[in-house]
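Pasting a structure here, questions to come.
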């Protein structure tokens, strides 16, 4: 067994709604810089698990540790301060701000203190970093337009770029490919790989797009009916008989 | 309109307004100064309502706190330029104390807290006669002098007030262009995302509210010196409502929204005097109609029409 | 001691009236997200509808029925269709502003068209007092308490025990789930608006004899209704009753023993204390944070 210091530790999380066990004893760990994919059919408890990690739902039992600290039930604000970022299933950009301002807004709170930011330059010293990100996401031609006026695909790119602006240590991505056209899916995957390489953060990705997950994540967890059914390298999980059964039915 | 012509138009506009009272009689000059005073309070309120997206129904209470500070301290002979920051800081602190419990729980609660606060402040002004003069108020409030020049003359006092209104507006403009302004825009646009990006919504809204309150305090100081007489009824809840409506009618969250709104609030009673008792009834229902047909306020009208034209 | 009992009884009676207005306010917020700042005027208007009738010789009970019908149509259905429906999609603030505008409009309309002075209002209850625990209690206090209490309790039962009532509560708790369950959400919300208007009319009938019918009588009642609702706990209908009675009694006690001048400030102070120490309200249940 390798003893890499685990970074995110999900410990036997359970969440029951009355008699329904949405998450039924899930444990896994994520190491620094690791990309972990979570797959599973609809209703397998992926979203409930995700929300438990992000403090949106209080688990019935079990807990989540991040860098040795118990983060179960923490508010989004406290999580953000500890370097836990996230994206949402649906588009969540600041529609009335320009693309560039969206990116600066995403990172400015991590720079200096609140009173100091009052007297900081309007771009909070983040203009250059935002421009780099804009360049990387190929959004230069729309950088000064309001985010709300752009296409779905462009907004999705902004949405993802925002999550990475503060260079978080851990990012939870909730179905990043939902509603994205196939050509953009490839671009998205390349961007995520590059960000993982350059920023060195860990990712947990929930996704339905098998191809995307299999190519992006070296480690995949398959959940069925609130439990971890299989875990390991993508090829192994994909070949697992139980996984095939769960997806295709008996 | 590009930025340069915009700036030029602004300078010309302020200059034109500065010389306007030269052609007006006493009451006209007074109305111009009153407009400046209310504008300071509504510019601040716009920060709370328009930029931080919170309802405040107690701006007149802070306005009153500023005015009573001014009345009491100026009559004791304290210098105007000491009283001004004292009133601002007092309102800022009271704003923090009032806003913290309300905003911590539920952001809508600020509306109720400020509403009740306004009533309580009014009761204190009316009942604590030894300090506030009770229902009779305080009269004989002096006007300041500047570099040895007395500002007792109405025209001079107007220019003095106008100058500080422009200074206050410039400070708020600078605030909104700082990273704080971006945080305000972000939390109003999408609070859930904002929070996940580390934007402390409660802290920002609280400070927006307290800064708005401080602006009202400053306005109150100028008001006390303008009228040289204050009484509790000028700081009733209905005045808070009027200030709020000035922000909304003009266009909340637009920097110049309160300017238009305040013109309307100050001048409308003069124009509609012929309607007598019916004026406020018409005004009330007009607000309802405005919200239904133009919820973004009057300044959103060109955009609305332009957008309709573009979609054809 | 004698005074204390009288103060508590009459405070409870007034508080029960606040509770009626608070109850409608709560239901409206739950079912449609409407924060109605014209709630006080919804109590004021029926008083004048009844006055218009009684001054023309109509008996009070009939005038009350007329007021209920007028309120249900104008302040229930009309309010929903004309003001709330077009505005609700713009978010909370435009709707709040519209209700503030409506509050000014209704108040000033009555002032300009009827009277600026307070009008005497006939009481449903006989004048006089009867002995109770060695002191005297007025018929109108006890009557008010009985009627208001009866209405609050029957509304509770309606919401908890009947199919329609439960459907209404389901809408208030989770609009989407209610839709999935096949509940006609639109009709339920409309019922809530009508119930609110009628509750306000009852409050009007009970409060006007003591506080007189005046165009701005709603200012104070509306404000007490908001605070009663929050103090008691927004997601509990019984909270409104507790909040209302608490405010009514404390106002009376502080008005008598401390200073009548600060009676109107009691509700605010109580509200601040409650949100500091028990943010969900005295009877409210803490809700899990929504995603």
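All chains are identified by letter, namely A, B and C, in their written order; residue positions are counted from 1 within each chain.
We adopt the following convention: a residue touches a chain if its C-beta (ideal position, glycine included) is under 8 Å from a C-beta of that chain, and two chains touch if they have at least 3 such contacts.
Owing to the predicted nature of the structure, the values given are computational and were not obtained by experimental measurement.
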Chain separated most widely from subunit C, comparing mean CA positions: A
Identity of the most central chain, Cα criterion: B
Intercentroid distance (Cα basis), subunit C paired with subunit B, Å: 32
Inter-centroid spacing, subunit C versus subunit A (mean Cα positions, whole Å): 47
Centroid distance [mean C-alpha coordinates] between subunit B and subunit A, Å: 43
Where subunit B touches two or more other chains, by residue: 192
Per-residue overlap in subunit C, given as positions that touch at least 2 other chains: 291
Shared-contact residues (touching 2 or more other chains) in subunit A: 75
Residues of subunit B touching subunit A in the complex: 175, 177-183, 185-186, 189-190, 192-201, 203
Complex interface listing, subunit B residues touching subunit C: 49, 53, 55, 101-102, 104-106, 108-109, 111-113, 115-117, 119-120, 123, 126-127, 192, 237, 241, 244-245, 248, 252, 276-288, 290-292, 295
Subunit B-touching residues of subunit A, taken from the complex the two chains share: 75-77, 79-81, 85-86, 88, 92-97, 101, 104-110, 114, 117-120, 122-124, 162, 166
List of subunit C residues in touch with subunit B within their complex: 35, 82-83, 86-87, 90, 92-98, 100-109, 111-112, 116, 219, 223, 226-227, 230, 259, 261-262, 264-265, 267-269, 271-272, 275-276, 279, 291
